[in-house]
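Down below are the structures I want you to see.
Both complexes below contain chain A, partnered by chain B and then by chain C.
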Partner chain A sequence: MSEAVIRSMKDLPSTHLLGTGTAMCAGCGGLQAVHEIYDVLGGRTVFVNAAGCMTLLATYPFTPFRGGWLYTSMASAAAGAQGIRDALDVLMAKGRLPIEEDLTAVVLAGDGSSYGMGLSATSAAIERGLDFLYVCYDNEGYGNTGQQASGATPLGARTATTPRGQRLRKKDLFDIWVAHRPAYAATVIGAEPLDLAKKIERARSIRGPRLILALAPCPTGWEFEPEHAVEIGRLAVQTGLFPLKEYVDGKVVHTRIPRPRVPVVDYLAAQGRFRHLFEPVRDDALIGEIQAEVDAYWRAVG
Partner chain B sequence: MSRRLLTGNGAAAWGARLAEVDYVPAFPITPQTEIVETLARWCDAGEMAARLTMLESEHSMVTAAGAAAAAGARVFTATSSQGLQYAMEMIFTVAGWRVPFVMVNVSRALASPITLEPDHTDVLSARDAGFLQIHCATCQEVMDGVLIAYRVAEDARVRLPAIVNEDGFYLSFTREPVELPDPGAVRRFLPAFDPGSAAFRASHPASRAVAVLGGAPYSYFRYEAHLAARAALAVYDEAATAFAAAFGRSWPAVERYRSDDAEVVFFMIGAFATKAKDAVDRLREAGERVGLVRPRLLRPWPDAALREALAGKRAVAVIDQNLSMGMGGVLAAELASALHGHAGMPMIVPFVGALGGRDIAAEEFFEIARAARAAAAAGVAPGPRLLYTADELREVRKLQAIAHAERPGAGGTR
Partner chain C sequence: MYRIRFHGRGGQGIKTAAQALGTAFFLEGFEVQDAPRYGAERRGAPIFAYVRAARAPIQERGVIARPDAVLVADETLVPVPAAGVLQGLAERTVLVVASSETGETWRERLALPGPVLALAPDEAGGPLAGMACAGAAARLVGVIGRERLEAAVREEIGKLGAAVLERNLAAALAAYDALAPHAGLVAEGAPVAAAGYRPPEWIELPRDTAHFAAPDIDAPATSVAAKTGAWRTLRPVIDYARCNRCSWVCGTLCPDSAIAVDADRTPRIDYDHCKGCMVCLAVCPPHAIAAEPERARAEAAE
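Let's look at the complex of A and B:
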């Protein structure tokens, strides 16, 4: 755990805390983000997990974590964090628990839980001002069951349940959080480790409900070779499809404004889930629609 | 020690207060709400040193309860009926976390049709979860049951959550005189919860509820929980004995009322057992050798104590205030599992009744006793008999007639 202020790549923690050899897929962008997040957060944490890929991180009798772990259910990880936080607070207030035994409650949930089933429990936890960090690894589908469409699946993406491509828009979880006026919210990606580390460091210094929304390039679900995970992650940022931003002190600030923006086709064409946009016939209308939405987003940013 | 008139819900709240719980995750539901409101008032006034957090659902409430117990707090919560069903995923899950806490369930019938009135189908659906279950017939039992439940649940040989059940309306909203024990005496009976090393602390990392791969570790942990629940039989007896010594009230796992020389016994759980007792008294006055056997402990199932209580009887009339569709009453089947294969056990004569707040009249108890005796004499065990009167059927027919009259022109299609 680094106590120094992170300004450059040289300031990133050089020792890695999360154990290796987990059951995650090779090239998992979610695991990359969790590695980087954990290095900054450290082991005085208890991870409260919702059902998803990462549930298999702790498989009896192994765990890659140095601190605590509690698997809950798909819908109620935020309520698990509430119970732990409340219990530690009340025990410390009664003098039955020394303050140095305190832990930070961290929810670890995928997009299936975060955008859908778990949203009610999460919304209520934010509303109660719960002091916790919520980490969502977003691979834009129910990845653990073979990539069916979730509320996070983007327009055009082929999944096991949208064989001709998703017709619906991706839900904006960041904005849903921001509408609750949380203490902090940020988007991150493992492929931009400095931006990520700065945001985790800032989140660590704040109390209250805090969101870390990590886009998680998924070789098996998005159909690309594992060695391209970082490159795909960078393209998500460079095309402007995944804006890196944070909400702090009541304002949304973009931490990286891609200029010039790489055309979205470069990102789409690199993934099998968008192959039907290019063959057998190129779907210029839908590609154009996706590009137009990105352009409109950044025009509004100014 | 003091004596007050308390509702069942008031008694439940007093149980939590006297247990000096640390944490109350809460969600309102009729007929449980009075418990939550009472605790909220006491926490707010500083009369209880507990934190009460309103969750947004029972699913979250039970998750928070289990998580807080896993962090070493003494936790109390309460629910009912649809709330219990909404939480059911977590009811099974937190039992597997091996976290001791107490949840009062105020029994209310399940949808559909939706109703507010009581029966036991709600709590019996949690039968297989790994929660201990204590069933109460009086307000005093509710309060005392909460204290005993903590002692058993927190025992290192058990470490399982517990449900203390009271009937909605009949007990939840009925005032009875309840003796409140001295807090110091309660503290001696129930010392502060010591989670040992099984709590989330910075100095000793712990993983809880991790995934397993394969049937061997899965079965191991499930069997462990089952064996802990079985161990709770002896732990309950110890706790009940210690409770009787400390407070002078005896709550054995199986209550026997005028049953020692009885030929026919009523067998039921919950508040309606007091109606059965009244019927027993009246039948005894008429010279009939009738009694009542009531399991207070439903999980673990006190099978040996039940056999001891029922050995040598001619018939046991099981009155189930629940319905397992397509089978019948749950208690009758449970009792059969305890008696089958043992010599000298009575014939089980099953009845289903008192669903959704329906009463059981004294005359019905008399008829039940008569039918049970007749079945034993005939030597043939009948199938479950559904209690319902001609008057009730007439009443429903009248409602149906109104429903049809108010919808002129409606054909047979809807």
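Let's look at the complex of A and C:
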């Protein structure tokens, strides 16, 4: 593994590789994470973009990227990455692409794709040991079409298809990946840029299937004012609801253990999608259930 | 046939305004068509919606090119070419702008031949400007009764709860009442026959290879050509006397890569692309960033 270059905030990139002028919402936590990731990852990448909000990053003839971009259906981004990887390998084997001009295949997919329809192709790609980086921006719903519930929608959240609140549990995509024994997996959030940058540096130095799971606070879908995007993101970490961790060399390590943990109420009450937990009557049972699950998670971490 | 276009920003209820007006026409016995048109489908991004209403079946389809009335919920969109507010305005087209300035001021400023009316902010209903425009349009056509408008708003908004309904009703009816002196100002436009269609005067371009005809395809970060600064209603302004040159907070956390930091650690905001999310203001440790309303700046500049 190469020596990490980013040790403190001062080492974070001060100019940006990702172009301005994209069509993401003002205050988009997903775009925040993607630009931080891209700034560290560098331009020698090909993005394979599953249908979702980020599809609107590259609307012909405009692109914020400095390299290639391939648009796939929601289910097939990981398969698209296999095609890109194979094409690059074949070109290099035939001497038509110098080895030093090799590119990294990067999947960019939302939670609708990553937790749901894209999971089969992704599972197969990890199984084959595909050398790719999989970036999931997780805003816990089908944001691009008006925030319908996805496999990532957390317990209690109101969406267009769960008007009285989600009754199902959020899937654990990190654990699903870890069960495949990938080369690397990490959770990140744009609101914690140093933690994010260190993980991207590490991921960049490893080959094989790698997951970057970025929680993406979504002003539009989660119903908060855009300026609070960072505050909501920090609360997700401080409450323990979104654990920052990585899986490397066969072990899961938490990179940030919130102590003391902020009560989940602070996170929930700041978002319109949980407003029904507080008014017209406060749903202490459900709030308590959400808190208890977080507590149980961290008890198990030890 | 009436052809009416609404312009506003995502989040101002433009789609709902068109639906409410359409329903009001329908309740009066008209055949109706209403449709929204999104570009970016994002809060703050320019959107428009249009309504056709006629006593006979409507064969026309698509965006309204020759409107009888254009209602603008957000005056900052008027000078934005991409918003297309002034597209197809003729001498008989009535333009309504939600603005604290007078219709006459707007008419002179835009050098328009036709009538221009202003909906004062209290009539325009602030965040309910879209619904106020629906009320204004209902009055201006002169064929929609107050009780039909009310019934239409109830039908479109009722499901959102009593409080939201009351606010929307108040906005729609206030605008309806305010425009009583202009009832019937908007007249039905003549039918458009395919026989009278003239193709636009476009320039035929020869077919060339993509590299020659569209060199931007291979260019990096072309998204900068899209000036998303037009989305902004508030402008973040850095007080450099208070900025402590931390070198990373605003620049890293700006979701849109719109803040770069100079070599001497001075952050610079790119106003051509800043969407006004105000994340920078919220996260700046020494509180060196203030929000200035774009409208006030525009007025000061005049």
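Keep this in mind: the second predicted complex is superposed on the first by the 298 of 302 C-alpha atoms of A that agree within 3 Å, B and C clash if a C-alpha of one lies under 4 Å from a C-alpha of the other, contacts with A are read in each partner's own complex, and residues count from 1 in each chain.
Definition applied: a residue touches a chain if its C-beta (ideal position, glycine included) is under 8 Å from a C-beta of that chain, and two chains touch if they have at least 3 such contacts.
Keep in mind the model is a prediction, meaning the values are calculated, not measured.
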Ask   = chain A superposed: clash or fit between chain B and chain C?
value = fit
Ask   = Given the touch rule stated above, what does A:84 touch, chain B (first), chain C (second), both, or neither?
value = first
Query = Taking the superposition as given, does A:12 touch the first partner, chain B, the second, chain C, both, or neither?
reply = second
Query = So, does A:64 touch the first partner chain B, the second partner chain C, both, or neither?
reply = second
Ask   = Of the two partner chains, chain B (first) and chain C (second), which one does A:24 touch, if any: first, second, both, or neither?
value = second
Query = Once the shared chain is lined up, is A:35 touching chain B (first), chain C (second), both, or neither of them?
reply = second
Task = Using the touch definition from the top, say if A:56 reaches chain B (first), chain C (second), both or neither.
result = both
Message = So in the superposed three-chain picture, is A:144 touching just chain B, just chain C, both, or none of them (first/second/both/neither)?
response = second
Query = After superposition on the shared chain, which partner residues are touched by A:43: those of chain B (first), chain C (second), both, or neither?
reply = both
Message = Let me test your reading of the model: by the given contact rule, A:76 touches which partner, first (chain B), second (chain C), both or neither?
response = first
Inquiry  = What does the superposition give for the shortest Cα distance from chain B to chain C, in Å?
reply    = 5
Ask   = Which chain A residues contact chain B in one complex and chain C in the other?
value = 43, 56, 58, 63, 65-67
Chain C to chain A touching residues, read off their complex = 39-45, 214, 216-217, 220-228, 231-232, 246-249, 251-258, 260-262, 265, 270, 272-273, 275-279, 281-283
Note = Seen from chain A, its contact residues with chain B in the complex are 43-44, 46, 48, 55-56, 58-60, 63, 65-73, 75-76, 78-84, 86-91, 94, 96-97, 100-103, 120-121, 123-124, 128
Note = In the complex, chain B touches chain A at residues 22-23, 25, 49-51, 53, 55-57, 59-61, 63-73, 75, 89-90, 93, 97, 192, 200-203, 205-213, 217
Message = Under the stated contact criterion, what part of chain A meets chain C in this complex?
response = 9-10, 12-29, 31-32, 35-36, 43, 56-58, 61-67, 144, 190-191, 193, 219-220, 225-231
